[in-house]
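Before anything else, here is the set of structures, which you'll find just below.
Common to both upcoming complexes is chain A, partnered first by chain B, then by chain C.
Presenting the complex of A and B:
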């Protein structure tokens, strides 16, 4: 751990691709066992930040401390204790799942490992000896998750782990992420899926144009930046009347009481801002942009 | 570079090699090329005319023929076998010496001599064997030769048969494809599929990665080189010297393979580079096939400095002492290429991360 007890400490991190400033003075920390969601549209700087944290790119400026070790001096020691799941399905397709895992395990210095428990966890044990080239997208993604975990990492970097997956595969991947966090692994989850970030993350960082615009729990972000309301629908003669009452309004209680007292009440829904709403409010951009 | 990590990369490549068409191609190509050259053009490249003799008596022609240099003599007991072999072009010509042939020649009774000629044999070989046969018979008769022939060699006194001059061609194919092209294609494929990124986020450096690929090229290059030399009966009289030369050749080609693999953005670019730039590696073989061309041109290419020792040791039975200067120059080429590989390797890691 770092001196503050965090798994990751990042200070003033910057990186530019030529004239394009991809990451601009980013600072944050991640606690052990915490899931930090990195939310931002394509090109916001999420993947570049991950590449620097995993030792793939050298930062132009700033400092990175991972598990009490510093980059780039101790990159190999850090890499021995992290797991990375890429957005790109970069598996050896002419090898089986077992052969893929065995090869990567050996790169971590692990020999004779039993991969069946890992493969069973993601529902791939029955196809373990089939070539990965015959796998569906969801199966490949689950295998990539498994590959990221074979060294029992203290930190997992997951780049869009459920992107384009069917609901069953997504559920399976999310269950694995939760289980890894419960085990004590810190997780940095890069995504532009607000629901996923909301569901999984302990805290969420909004990244836009290389900068962190906000970093807090999803609930705090909603409380701070969102608007809470109650939507009430009732019959009004031949039509339907709909009222939206803001919970932060001064006489909200009275308004709600009056609204539900009318005859012909149909539905009452509480509403809160989504992470996407807040992201748009803070950055003026949509997450899916 | 961590040798253990490089070994793990190489081990994976060797284990998975048989599943790669290019890997198989690299191993099979020199074998196929050897058989094509020996099989299709075998008679063209055969160094000696082949004469079969059936001796029904006890003719002195057999011993005299076997003493001749430059003619391959086979004796057999049956005329039918002789005819079958001539017809199949296993022999260029055959003759049958009847019972009492020598005595009949000596007493001037002019016995019949059956001389079979293969329809597919080279005209030059037929003429050589006919003239030789007449000379042998004349010797039996005790007639002095009507003239004394003074043989004067014009041109290269150590002329090498064309089959042997093809050895550098076969060797450059064997070593270049397996030691350079296979690792280069493997690196490009890893870049295209993004698997290199997955490897480089483990505690494996880009030097470990490239070391594994180079190791693959060296092992494969040496293996195909050895197979090619054995198939062509060109290993020479100094096997350890030849192994040393092959190692140097494989290391140089593996270095070139790494440079190509790092430089090429994709498979199309790699194939284009091999097709266009390959001539710079391959052209020295032309100077072995046509030795009258100015040899200094061949010496410009780095590959010349291992092809020439292979030729000298494999074909002319030279020793290490005869070729050490060429090998030192080959090692200098390797040393010159090494910083280029190192500089490109440093850029590779950043490049693949940026492009991912």
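Presenting the complex of A and C:
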């Protein structure tokens, strides 16, 4: 742990690809067992930040402390205790799932490991000896997740772990992420899927143009930046009348009471801002951009 | 939320990590049927080609002759210093023509002297000698015969040409030391195996880049240096082992085995260096093929130049493979030792260093940009 008990402590991190400032003075921390969602559109600086945290890139400026160790001095010690699941399905396709896992386990100094419990957890134990080249996209993603966990990591870096997966595979991957966090692993989850971030993350960081625009729990972000309202629809003669009443308005209670008292009431819905709405409000950009 | 308490695992040694990657590379090579079959088929084909090629070399030329009293002329000619020239007498012009046409007794060319040749020469009269040749006989040989006849005529008339000549051979004089076509192919076959393995390694590296498996490897305790070292070891071992197999199969390790193995090892390292460059630029099979060919074709030139007599042009000596081909040829065909091979080995070493510096530099940048 870092001196203040965090698993990850990042201060004023910066990196530029030539003239392009990819990451610009980013600071944040991640507690043990916490899932931190990194939300941002393509090119926002998410992947570059993760590359620096996993030792693939040396920062131009700033400091990184992981599990009480500093980068780049102790990169190898840090890498021994982290797991990374990439967005690209970078597996050895001519090798089976078991051979892939065995190869990576040996790089961590683990020999003779029984991979079946891991493979069973993601539903791949029956195909463990088939070449990965014959796997579907979802199966590969689940194997990638398994690979990221073979060293029992204290920190997991997951880059778009459910991107393009079918609902069953997505559910399976999300269950594994939750279980790892429950085990005590800290998770940095990079995604541009607001629902996934909302569902899984303890806190969410909005990244845009290399900077963290906001960092808090999803609930707090919605409370602070979103607008709560009630949408009421009722019949009005031959048509339908719709009223939206903001809950933060001074006489919201009276307005709602009047609205529901009318004849022909059809539906009443409470509405709150989504993370995407808040992201757009804060950055002026869409997450899927 | 509580962090699982786990004591750090003992660090893995660099040797263990590199060994693990090399084993994985070997597995990947064996599973890639294209490169595996290409290596096996290539090796078998080269061995077969070597043993099919002729193992003898004939530096002499046989010329048939006919005419009255020609025996004395033949005695004069064969008694002279006309090295590599054999003259055979025939009874008649017809038998000579048949012999030339059918290549009997190895006769490449025929000279039909008129019956009054000697008397005509002695009297200072003009006479005609027929040169009988098939269309395959090179024009320069026919021209040489023309000179031979004129020189013989001067000698017979008692007025030999007042000119003597002295040969000055630039480069190595291989007269009397010619090697057979089989011998000429020996370094070329060894070099071909090296080039094929260069392409195999380039393909393996390109696939690691393209699939980004290299990124997965270097986020474990394995470093980029471990990854590249493993590739170099695997590539050099792959090329070295295959060439050694070839050399054993074509019986080339009999003389100076340490020198030959050192030469092959250096050659394996050199092509590995070029494979790093080709692999870094390769994006798929076709581009790997393109980049490999870009290096392979020029590097074949010194090996091909051995098939033709004469010294290599100066520009050929600037090709990275020149030193390697020269060293293999000198050692396996002409029994050269360390002293003669060292300049060539030095050249190979220098090119190896250059290829590694460039290849590793490009690969490092490429990986960092993934």
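Going forward, the second predicted complex is superposed on the first by the 289 of 289 C-alpha atoms of A that agree within 3 Å, B and C clash if a C-alpha of one lies under 4 Å from a C-alpha of the other, contacts with A are read in each partner's own complex, and residues count from 1 in each chain.
We take it that contacts are C-beta pairs under 8 Å (C-beta built on N, C-alpha and C of every residue); 3 or more make two chains touch, one makes a residue touch a chain.
This structure is a prediction, so every number in the text was calculated from the model and none was measured.
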Determine, for the superposed arrangement built on chain A, whether chain B and chain C clash or fit.
clash
So, does A:80 touch the first partner chain B, the second partner chain C, both, or neither?
both
Touch test for A:167: chain B only (first), chain C only (second), both, or neither?
neither
Of the partners chain B and chain C, which touch A:237 in the superposed model: first, second, both, neither?
neither
Pick one for A:7: touches chain B only (first), chain C only (second), both, or neither.
second
Return first, second, both or neither, reflecting whether A:34 touches chain B, chain C, both chains, or no partner chain.
second
Superposed model, chain A: greater residue contact from chain B or chain C:
C
For A:147, select first, second, both or neither according to whether it touches chain B, chain C, the two together, or no partner.
both
Choose the clashing stretch of chain C with respect to chain B from the list 23-31, 77-85 or 113-121.
23-31
Set intersection of chain A contacts, chain C complex versus chain B complex
54-57, 76-77, 79-80, 82, 84, 86, 88, 90-95, 99, 103-104, 106-109, 147, 151
Considering the complex alone, what residue numbers of chain C touch chain A?
1-4, 6, 8-12, 16-17, 20-21, 24, 27-28, 31-32, 211-213, 215-223, 368
Which residues of chain A touch chain B in the complex?
17, 51, 54-58, 76-77, 79-80, 82, 84, 86, 88-95, 99, 103-104, 106-109, 147, 151
Along chain B, where are the residues that touch chain A in the complex?
5, 8, 12, 16, 19-20, 193-195, 197-205, 349-350, 353-354, 356
Complex contacts: residues of chain A adjacent to chain C:
1, 7, 31-34, 54-57, 76-77, 79-82, 84, 86, 88, 90-95, 99, 103-104, 106-110, 147, 151-152, 154, 181, 183-186, 202
